[in-house]
Amino acid sequence: MTRDYATPTMDVQNQPDNRKIEIDKVGIKDIQYPIGVLERSGGTQRTVAKVSMFVNLHHKFKGTHMSRFIELLNEHCQDMSTTTIPGLLLEMRKRLEARDAHIEVSFPFFILKRAPASGAEGLMSYDCTIRGFWANEVVLEIEVTVPITALCPCSKAISDQGAHNQRGTVTVQYRQNRFVWIEDIIEIVEAEASCDVYSVLKREDEKFVTEKAYANPMFVEDVARSVAQRLRAHEGIAWFSVEVENQESIHAHNAYAYLERPSENKH
Amino acid sequence: MTRDYATPTMDVQNQPDNRKIEIDKVGIKDIQYPIGVLERSGGTQRTVAKVSMFVNLHHKFKGTHMSRFIELLNEHCQDMSTTTIPGLLLEMRKRLEARDAHIEVSFPFFILKRAPASGAEGLMSYDCTIRGFWANEVVLEIEVTVPITALCPCSKAISDQGAHNQRGTVTVQYRQNRFVWIEDIIEIVEAEASCDVYSVLKREDEKFVTEKAYANPMFVEDVARSVAQRLRAHEGIAWFSVEVENQESIHAHNAYAYLERPSENKH
Amino acid sequence: MTRDYATPTMDVQNQPDNRKIEIDKVGIKDIQYPIGVLERSGGTQRTVAKVSMFVNLHHKFKGTHMSRFIELLNEHCQDMSTTTIPGLLLEMRKRLEARDAHIEVSFPFFILKRAPASGAEGLMSYDCTIRGFWANEVVLEIEVTVPITALCPCSKAISDQGAHNQRGTVTVQYRQNRFVWIEDIIEIVEAEASCDVYSVLKREDEKFVTEKAYANPMFVEDVARSVAQRLRAHEGIAWFSVEVENQESIHAHNAYAYLERPSENKH
Amino acid sequence: MTRDYATPTMDVQNQPDNRKIEIDKVGIKDIQYPIGVLERSGGTQRTVAKVSMFVNLHHKFKGTHMSRFIELLNEHCQDMSTTTIPGLLLEMRKRLEARDAHIEVSFPFFILKRAPASGAEGLMSYDCTIRGFWANEVVLEIEVTVPITALCPCSKAISDQGAHNQRGTVTVQYRQNRFVWIEDIIEIVEAEASCDVYSVLKREDEKFVTEKAYANPMFVEDVARSVAQRLRAHEGIAWFSVEVENQESIHAHNAYAYLERPSENKH
């Protein structure tokens, strides 16, 4: 449905609703659009995002104006960063005559990495989501998922040789006190695993990462705690959560750990 | 990793951790297991679930005991209903020596429906999730997703003939004051759409559902509000959220509406 | 749409089509239904399947009769094994007056496994698909996906300690000369990996599987070849394909190997 | 694993294998990489792809050289079109010393569309895959998925008012006699549905698409046949398949139709 406001007297969505029920969020979900995102190295990276945009709807109105969301997205997609999203939320509140506005932008973010021994280059992809909402004040929440290698301490301790290890993912969500580059958070996570992962690994690199992981066995609990210590000490971060999920090589199911700070009874 | 407690002096996970960081949730994620679920018509339905089970971990311990979760699941999977899950959470707290316990069980639930004109029978599948957590007290949250037909009021009003319509889904999450059958909630949702959907529809049924949907045009906002009114009036329900998502036939993206009650400033 | 045949003079789908274009496959896709499947240990296992059912459509007819597919599924879902599916295909050809019939049934299949050292029991889940088609003759194709542990020979050879390993999956598709139990194929695959995986592993089991994998390093190519040798020697199997995919612990992408026999220029 | 060729005497993958089993395909699967794709309007579109790259492996070698695939991808990702992929396949055959090479590149492709009445602009996203393989000769296969509106002829004929309609998808796969723009194929499909879909629809556009769909009722069979007629008449196309899948608004399951031409006994 389009819900255009061109002729107010004929708009079904402008008709009154008598049930006195406000809608918390209404809008468009999962539209795929090309976007631009700022890079720490300077410039803008072109990538592809899934975007959802919502506003609240006052109890007296039957429906919102769906086409306005996409018109706004079309105007703003060239630069979807934590610096520009508050302005887009303000536009949404005006254009849709709403009190609250929400946006969610999910996209892969690419970083050039150099293999640890050979220096061979390759692009790594990190799934990110920026969530913004304006209800009284602007709140931005950034999420990034980082693939890692995790090697089991128990397996290493009890086995004569070797130790089971696996690909894991660490998903950090955070809210900022000040602007923080996504690249900084990725670097923090990659330093707090048994080892980080790479697209390109030559012979000497494979030896390096195998031995490094073996020297740094970590449970999902260890990874969660190590990352949490780093984020807790980061003065640019006001709130965070850490989620670690290992695709256990010896099971069909995954191991999982989660914590968030601050929360009611923890520090 | 297994983290067995057989020989405490050798267990890596029983080793102390000095960082004073409690883990909010740790355990197993997404193990697929056959389960039994109670049916309103009497008896137990056999279906297949994805199960996740977590406990908290005191800051002084390095890791939890992963294999105990699956042993518990194996013992309890025959009956995973809101009546038995609190007992399983208690067992988890004992067996894993934890203060908090969490479980999430997601499964398709089958109900026999009769087509509205012909009475022809067919099974409909509804995706459900039961979430239980014990932190101070037991909280159970049930989620069910119901497919519906939604026909657009605006399209109907402005077009000479016809109206665009589409498959939608309504996802209700709720917490109970008393035991409530999932079947009751499904019936409530199916009554508050342009029309509900069926597996088997004969000729006369197709005429019935086409005309019924045309007579009951509803935006995502309308479906959300209608379902909310019914749940708000249901004395067995203490809290609920309603999420409606239409796979719009005229767009590649979806329309979406969400509300929850009670919440801070709404009733 | 239902496309019922109750009143032939009024059926849109029985109207003629003049474009002289036969449809290779038409029908229903991805309906979720509970089914029964035969177990080698005797008896029938209850699980949940995604089912698709198609027939060909002669060029002179405008459309098929969709509701008949689901009626047939409802009648036959209690026993969906390679022994009963040919009968269902015959029914489809009759009931839909078609020359060709196709069915695809995808479901998780559960097997009780005992941990290798402790004997502790747990259920393992294996994703299976049975594809049947009747075009001239009945052809049945069975597919099963088996999770495994794969340890890298190169990493082991070049590193001072340890070796990267990961969860992998082996997907076998096969056509039978005679009835073959899915359990037999699963056992073949599980014997031809660095190690197989388990739901429950106690302390002594974790040591066992870690050391076994370390003693049996295998590239994706090795796993594919080892499984292929076993299947090629199996007189019950007329054709097979083997697909191995490792969730590499040192990369974000996967390693992959595939082969099928017989094929034009290989034996 | 990296399988680098730096020191041949030490390479595990260069060791001999005695089982005389050739591997049909081995390589990397599902690496996410930014790519450039040619646009009919001139210039190159930046998007994000999932890429898989394989070669065959002669029976005498134990393993392939995984890192070379990614180095090649890094060199070629700026231009991944049907004009450049044959060159990349040739490079793969050389760099990996193989007889056969395969590549699969899946990406969203964006096209600016103007709403049919208002002319309002918005970007539409179409999922595409280019598959290339060199085994004796180069074969390129292009796949594109186009969302459409499909309105049911039977529902329209038997109902007093309205007709159920839904979002559908048409997936065309084709092999070229000569270069064919993806945009041309998308336009063909969009012309052969009840109606095509748009990102932005104003009031007057919603009326237009509703009425157009109502005037053009089509079963999945009709859409498949109409698209097939157009592709069969297209002298640039040597082979094609058409797959239509409707997310039926009156069911939880989908309707499906498929055909390919040429095939053994059809024209």
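Just so it is clear, A, B, C and D label the chains in written order, and each chain counts residues from 1 on its own.
One rule holds for everything that comes next: contacts are C-beta pairs under 8 Å (C-beta built on N, C-alpha and C of every residue); 3 or more make two chains touch, one makes a residue touch a chain.
Since the structure is predicted, the reported quantities are computational estimates derived from the model, not experimental observations.
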Between B-C and B-D, flag the pair that has more C-beta pairs in contact.
B-D
With chain centres defined as mean CA positions, report which chain is farthest from chain B.
D
Interchain centroid distance [CA atoms averaged], chain B/chain C, Å
28
For chain A and chain B, let me know how many angstrom lie between their CA-based centres, rounded off.
24
Any idea how many Å lie between the Cα centroids of chain B and chain D?
35
Contacts with two or more other chains, residues of chain A listed in rising order:
1-2, 11, 31-32, 125, 154-155, 158, 164, 199, 201, 203, 206, 248, 250, 252-253
Contacts from chain B onto chain D in the complex sit at residues 124-125, 147, 149-151, 154-155, 158-167, 195, 197-199, 201, 203, 206-207, 209-211, 213-214, 247-253
State the interface residues of chain A toward chain D in the complex, per the touch definition above.
1-2, 4, 6-7, 11, 31-34, 46-48, 67, 70-71, 74, 108, 110, 120-123, 125, 199-206
Of all residues in chain B, which touch chain A in the complex?
1-3, 10-13, 17, 19, 21-32, 52, 54, 57, 62-64, 66, 152-155, 157-158, 164, 219-222, 224-225, 228-229, 245, 248, 250, 252-260, 263, 266
